[in-house]
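The next block holds one structure in the form of structure tokens; read it before the comments.
The letters A, B, C and D name the chains in turn, as written, and every chain counts its residues from 1.
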Amino acid sequence: MNDIEIDEVATPELDDPVLIEGLPGVGHVGKLAAEHLLEEFDGELVRRVYATEFPPQVNVDDEGVAELTCAEFHAVRTDGADMLVLTGDHQAGTNAGHYKLTSTFLDVAESFGVERAFALGGVPTGELVEEYTVLGAVSDAEGKADLSDAGVEFRPDEPAGGIVGVSGLVLGLGGRRGLEAACLMGETSGYLVDPKSARAVLEVLETLLAFEVGYESLEDRAEEMEEVIGKIQEMQEGPSAADDELRYIG
Amino acid sequence: MNDIEIDEVATPELDDPVLIEGLPGVGHVGKLAAEHLLEEFDGELVRRVYATEFPPQVNVDDEGVAELTCAEFHAVRTDGADMLVLTGDHQAGTNAGHYKLTSTFLDVAESFGVERAFALGGVPTGELVEEYTVLGAVSDAEGKADLSDAGVEFRPDEPAGGIVGVSGLVLGLGGRRGLEAACLMGETSGYLVDPKSARAVLEVLETLLAFEVGYESLEDRAEEMEEVIGKIQEMQEGPSAADDELRYIG
Amino acid sequence: MNDIEIDEVATPELDDPVLIEGLPGVGHVGKLAAEHLLEEFDGELVRRVYATEFPPQVNVDDEGVAELTCAEFHAVRTDGADMLVLTGDHQAGTNAGHYKLTSTFLDVAESFGVERAFALGGVPTGELVEEYTVLGAVSDAEGKADLSDAGVEFRPDEPAGGIVGVSGLVLGLGGRRGLEAACLMGETSGYLVDPKSARAVLEVLETLLAFEVGYESLEDRAEEMEEVIGKIQEMQEGPSAADDELRYIG
Amino acid sequence: MNDIEIDEVATPELDDPVLIEGLPGVGHVGKLAAEHLLEEFDGELVRRVYATEFPPQVNVDDEGVAELTCAEFHAVRTDGADMLVLTGDHQAGTNAGHYKLTSTFLDVAESFGVERAFALGGVPTGELVEEYTVLGAVSDAEGKADLSDAGVEFRPDEPAGGIVGVSGLVLGLGGRRGLEAACLMGETSGYLVDPKSARAVLEVLETLLAFEVGYESLEDRAEEMEEVIGKIQEMQEGPSAADDELRYIG
């Protein structure tokens, strides 16, 4: 196969669509948020992007059918805006691969007339988050006012390590093409899949693109995660309690 | 040398041959199974595939002669079906290399008229296996009925981490070419070379392709492995017994 | 994007400019020194070099605007000499990438008429440095006399592990092109960012290129680092003091 | 620069020259042996091979002059045979790089009329070696008799892990070109630079190519290594002796 192959599944007319990128990353925040949009708005698969930069892997679905690893674009229509949502299970495996893939993703987006993009992701805080602030970064300073109005926080020189992977390059390469791109980063511990952070990011997006979406399924996942956190805390407390007893006995 | 070089050793006429892939992987299940077919049916070497993606290595045979690392295709004729069996000592070293190599393997198979493929492998359970179930995955849902009839089990979304390497891509890239491909994965602990799991996979293949094969040599290897396992268990029990004594003395 | 893309920001006339390379490396000595020149002489950005060999990353500035990772050339004019100063946040990610990038950097330098280059860096000593010796290496033995006169020390076969990265290749590839190149390596512990070592390197450069520069801002950074070192030493002494007490009590 | 660049330093007429490869590897046996030939027979530098697959590095000589990492061919004339000796400080950094580099090395050798090659190296035993056996492997079974007569041992399927790197490919790729290639592997512990193993390999080569060479300088290096080994053994015995005392006291 070629280094990159694109399957054109459908090419619907979209009205001034906005690119929403949600590939795997910190806390799976971007991926959770993007997939939530697909579920809630019944996204239509429009493109599959295969790349030799992805792991050599198939995923087996619930019918036992193997699907070659790829990134997917879905068209999503809401009352507020049309979106082209990019999701997938993998990022590229090399530096150069990230650049090549993101260039391809931006080509696809351009072919649908995209002029504006949001890269969704998480920013790790290293501790459990109580209030889910959404940090922002933009390809062009003009875009900041709208984001600030929607509750996005801009902190000088943060995130400290920059923004890496496809999200970073949607801003970096997108900006070089004249795309109006922003990154919305939900604060998250960085240790766990974080549906609450994904919700915080989506709430900003709702304001920015004037659509409305329900959060029931994300809340269910959040509750599951709370249980996981609860069990981890128990386990952490458990052994030390046991230790105490042992010390007492010994 | 070029990135990939193919030596055409022989080009026999084969009757509707089925590709059988058995490169190294979990428990060496696929490799054991494929090599067993070559031994039992006296396979005829037809192609050698050299690739700069393989390790820079020669293997020294029992005569002291060095052979450059390669993958090999053998033609195998049975009462039930003709097969083109792919074996070798290595997988590719990079993501892109896996895609390039598997594409080449599928090209070779096509040149022999292959329209159907079985990728043989193991699926790790993490514990010693008593009953050797064979899990399946297919490139197309239509292929499932025959496999189920032959005792293959389909479990939704399993294996959880997908199928990686050449086996995965025989399904993924093969499926994209219209090849009818399936993966047969014998359960195996994942810790040891597992001839019993290879036999379980071959028994499924016997049913599917209507041939018969003896298992004496695989049984011999299985017995050798049992001895190895026995010794490991002894060693694991040994020290703790010694520990007990020491504690008793101390 | 292409593997390497060069933005031509400005193309001022420079009088016999000298290339000064200061990319990240041991103790960030080269980077600190090069950036100090840019600050003190108000460098003019002339080229940005983007490369798919760099990490897929944007850095967020103090306004929240994301900038794609790149290397930059600035024109710097002093009383003594004009300079073309190369700085950036990253080196390449692969062997071949280092060669390709450095070749590009040398092409850019040539396009400005550069015939002479200084690669600035640090050489690790493994212990805190009291006197900051500057070690030298040259692409051509003829260049040694001037450097020795300026206080640069030449030690046979040092640094023992050679000079790696872009600095090494400015000498190696530059030398093959007929560029008169030298590496100036300030001794540094190797554990910390070292503004004092950067100053030692710059003082040599002042003598060689007959310019004068102030060091106030580097001194401020040096003082900050002294404080950091002080705190580290306190921490190291702290626990052992506590240990002593515990031993005393125990 | 190009991926590979070859400097033609000299092109002397050689009489049926034999390629001797001695790049870094186990115990530096091959490198020591090849460099010994250069020193004793006053080799003439004929080619330098630069490659972007090598580390991005310059080595600084005893004059402070930096030399870009490369592999070198020297012409060596002896009473018995002319040799083309390949040495250097590095192997390639990737699988594909090993193949590309070795292909280039074989091209250079062919341009000098080489039809026969010896790859020199070490084979690790994991323990200190008393008698330095030299193991062999050949590209063609016909070459075995001469080697056996010269004291080379052939052991079925050894070395177990095959022969990797440039040495392996001189046999593997060389054999595919019709080159008569052999690998001479001196047994060595694998933990230390081993001049004695290098001598054992050279003594075999003397017999095969009917030349004579002195070993004084290798003996000096061997004595230095004996001292190193002695010190290591002392250190190993020291603490355990101390341990015994502590136990006694305690």
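Keep this in mind: a contact is a pair of C-beta atoms (placed from the backbone, for glycine too) under 8 Å apart; a residue touches a chain by one contact, two chains touch by 3 or more.
Nothing here was measured: the structure is a model prediction, and the numbers come from that model.
Enquirer: Which neighbours does subunit A have in common with subunit C?
Expert: Joint contacts: the list comes back empty.
Enquirer: How many degrees of rotation carry the C-alpha atoms of subunit B onto those of subunit D, rounded to the nearest 5?
Expert: It is a rotation of 90 degrees, to the nearest 5.
Enquirer: List the interface residue numbers of subunit A and of subunit B, divide the shared ones by all numbers used, and answer same when the ratio is over half, different when under half.
Expert: On the two sides of the subunit B and subunit A interface, the residue numbers are mostly different, under half being shared.
Enquirer: For subunit A and subunit B, let me know how many angstrom lie between their CA-based centres, rounded off.
Expert: 37
Enquirer: Whole-Å distance, subunit A centre to subunit D centre, using C-alpha means?
Expert: 52
Enquirer: Indicate the residues of subunit B shared as contacts by at least two other chains.
Expert: Correct list: 94.
Enquirer: Which pairs of chains touch each other in this structure?
Expert: A-B, A-C, B-D, C-D
Enquirer: So in the complex, which bits of subunit B are touching subunit A?
Expert: 92, 94-96, 98-100, 102-103, 136-141, 144, 154-159, 162-166, 168-169, 171-173, 175-176, 183
Enquirer: What does subunit A use to touch subunit B in their complex?
Expert: Per the stated touch rule, the residues are 1, 3, 50, 52-69, 93-94, 97.
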